[in-house]
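This report concerns only the one structure given below.
For reference, chains read A, B and C in written order, and residue numbers begin at 1 within each chain.
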Amino acid sequence: MAASTLPVTNGHSAGDDTVIDCEINELFYGRFKAARDIALKIKRGTVTAFIGPSGCGKSTALRCLNRMNDLVRGFRFKGHVKFRGKDIYASDVDPVSVRRNIGMVFQQPNPFAMSIFRNVAFGLRLNGYKGKVEDKVEQALRQAALWDEVKDIQHSSGLSLSGGQQQRLCIARAVATQPSVLLMDEPCSALDPIATHRIEELIKELKKDYTIAIVTHNLQQAKRVADMTAFLYVDKSQGGRTGYMVEYGPTEAIFENPQEEHTKEYIRGEFS
Amino acid sequence: MASLSEIRKAVQDEVDLPSLERSLRRPRTLFSAMMSFTTGAATLAAMFPLFSVLYLLIKRGSAAINLAAFSELPPAAMMTGGGFGNAIVGTLVIVIIATVISIPVGIFGAIYIAEFGPETKTAAAVRFSAKVLTGLPSIIAGVFAFATVVILTGGFSAPAGGVALSLLMIPTILLTAEEAIKRVPARMREAAIGMGATPSQVVSQIIVPTAAPGILTGIMLAIARAAGETAPLLFTSLFSDFWASGTAPYFLPKTIDDLMKPTASLAVLIYNFSGSPFDNQVAMAWAAALTLVVIVLLTNIAGQVLSRRSAG
Amino acid sequence: MTPANAVVVETVPHAETPEEISRPPTTFEVLRDRLFRRATLAVAWFTVLLVFLLVGRIGWVALPQIQAYGLKFLIGTTWDVNREQFGILPAIFGTLYSSLLGLAIGTFFGLAIAIFLSEGFLATGLDGIISYLGLGENRLWSVLPARLEDLLRLIIELLAAIPSVVYGLWGIFVVIPYIRPPANWLHAHLGWIPIFSTGLSGPGLFPASVVLAIMVLPTISAISRDALVGVPPKIREAAYGIGATRWEAILAIFIPTAASGIFGAVILGFGRALGETMALAMLAGNANVISTSLFSPANTLAALLANHFPEADRIEVGALMYAALVLLTITLVVNIFGTIILQRADATLKGLR
């Protein structure tokens, strides 16, 4: 069974501006229903934030977008995730090719046990990049606002950097291959406030070139960087804990004028 | 004013002083002290053989150690001089053959049970078999290699010895490599998968290189053990009093024929000469034993040091 | 003026249509991935197959002799090549006797060492001295107990690293000469007791068992130590909380908790002892004798194989294969038993946590 290739143009697809059309009807890990009724469309060049209390399914939803949930045993999913019009969960799609187009930055910085240079070059080598790798590495490190700090030590280990630097290294690694979409799963929660601030500034710059989806438990962060915000909440009504989407819209609207009760309570900070 | 004894009596009535005294005359603590002493003494006693062996080897072996010992052929009875050069080369050749066989088998097997199919029944069977095989008697490894390689190729050879040793090395390499691979942080694996690496690429470009020090430890410990084994070689590679090759430099085997014949090894030389009635050969046995133990202990220590460093 | 902690982000001008870097895996990469995964599976299966291959191949070559001698082989007591009479009962007896004796001695020491190195005796003993000397704050001195424990563990591991044939040499030149005088004294004065019924002239069962004990104690010590260290902290706290002394805690609580792990260690040590070849070949005497005397020469299956194989003719090889099959079966059964026990012990400890 040949895996079909996704439309790989990193650039501007003619017409429709929607990069991701995500509809999660039901999502199970084994018999545990982890999420339901999450639907949103992400436009090119925007930052979309997923916010909500713990256990509301925000990370789960994010990981659906690049099929990282496939790694969890017993994962079952009803719905679709269309990346430029093509459903990435179609039976003839190879998840490996999906992940080459969509970059991910994780909660814990996770550079590889190799030099800074080879970390950033990893994606380039993986995709058989034929051009000058050093230039692309520099470009990526500049985009991640790390170049000035590491340009003279590119061959020292990625693990020797501080937490905030490691996370920027992971961002550089993710953007080196210029993916269309960048997913960020609570990228700042393991970092101190100064490192957090730097990365938020970074996200605002990266928005010019990448479409970004970010999960965060920090409301101020969502307010600062996101164009669109999805608020998720936990449904405990049937004895389980199932996440679902309560409200989705422009960040300003969600924060200034939330429609739903739960949203209002969360924004007002009545629970974390 | 109350007398001292009256005060003492008053205090004693309130508090049972003797029972609070920690005295060695009390059975509980005496027992404790005796047991502690016994275990400590046992530990010290157990270390004695190591030092005794080393002392004996140095005392009896160093006399015959000289350049000639490493470069000449085994002496005939009552001949002066001679050495065990061919045995050193032979051990090297046989161990290299064993290593070349066991590294791919051990690592590929470890990759399957640690990465591709960790929860499968196959993996459980592999782990169980490997653990059982770690206890395989070394003589049986030799018997098996005899029943396969020697019988099928029609003669004794270095590869036969190599196959026998590899049976002893594979379980160790496999199990230590599995441990090393499992120690690679899960988040590194996740990062590689997130970048769109195929499972093989995740393993070959991230997991194995990161686990390399631990894997190397397993290999070194396996080599150290294999180099010292005698029983598996007794009737697989047998022994030889000559160099492997017919052309200069004689100590370097160059053709397949050079390998497919009885090959000398340090372990077998020690065994053969240890029972010899001739002093010069017994002296050779000691010198060879000293050499072998130095090689084996150094490799073993290096492997253990590497392991403490990479696990820490 | 940019504030001190502002991020300076350099944007690189993008072309109108940025070049494509990401591409899906090529067909070659996909095939290579599949091939690699299949190869690892194949090798995994091979390792399992190996156990069956061992029994199968050796059994196959031994088949003619198994059919010829049948079970008489197991109870025969002579090994005579000329008259084609082969029997391994003395070897089986010697194997079991020497292994059990070596195991007993080895377990005593192995367990003692495991306890010593897992319960922090060094720390207790040395910490007192170190703080008395006022060196408690010094970084070098304060890690001394832990370093010393590491060193001791290394030394015990090295015991296992010494080649068997070297232990044989050592046995001949150190152990036997030291044991001979007391052995002969025991024989002279207490010879009516069966275990002292013969004198020790050279090789014998007891010296061989002593060396065997030294060779198996590292295994027993290492696995037992793992079992003891694996006792959950909760149980440790509970034990000391009710006021047990250290040894009461060890004997009454820790050892029973770690019991199956220790038992597994002993079984595996037994398996090692059964298969040990060279030291026994050099120290046991290779005499096909069945005697309860500690100082009598004896024979073991492994030593039998080592001594006869190199110069055996086809008929004798067949008989030796049969003997090898017997040894393989015994050690496999013991090792399988020990491995199962250890796996259960592991699971129990995990449950207790």
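Note that a contact is a pair of C-beta atoms (placed from the backbone, for glycine too) under 8 Å apart; a residue touches a chain by one contact, two chains touch by 3 or more.
Everything quoted here is computed from the prediction, not taken from an experiment.
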Minimum number of chain-to-chain contact steps, subunit A to subunit C: 1
Comparison of B-C and A-B (more C-beta pairs in contact): B-C
Centroid spacing, where centroids are CA-atom means, of subunit A and subunit C in whole angstrom: 51
Averaged-CA centre spacing for the pair subunit B and subunit A, given as whole angstrom: 48
Where subunit B and subunit C are represented by their mean Cα positions, the distance between them in whole Å: 11
Numbers and ranges of subunit A residues touching at least 2 other chains: 96-97, 100-101, 123, 127, 177
Residues of subunit C whose C-beta touches two or more other chains: 22, 25, 30
Residue list for subunit B, restricted to those that touch at least two other chains: 196, 198, 201
Residue ranges of subunit A in contact with subunit B within the complex: 66, 68, 71, 96-101, 103-104, 106, 108, 110-114, 122-123, 126-127, 170, 173-174, 177
Interface residues, subunit A side, partner subunit C - complex: 3, 5-6, 8-12, 94, 96-97, 100-101, 123-124, 127-129, 131, 136, 139, 142-143, 145, 147-148, 176-179, 194, 197-198, 201-202, 205, 208-209
In the complex, subunit B residues that touch subunit A: 185, 187-188, 190-198, 201, 205-206, 209-210
Subunit C - residues contacting subunit A, complex: 5-12, 14, 16-26, 30
Residues of subunit C touching subunit B in the complex: 22, 25, 29-30, 32-33, 36-37, 39-41, 43-48, 50-51, 53-54, 57-58, 60-61, 108-109, 112-113, 115-117, 121, 150, 152, 154-159, 161-170, 172-174, 214, 217, 221, 245-248, 250-251, 268, 271-272, 274-278, 282, 302, 305-306, 309-310, 320-321, 324, 327-328, 331-332, 334-336, 338-339, 342-343
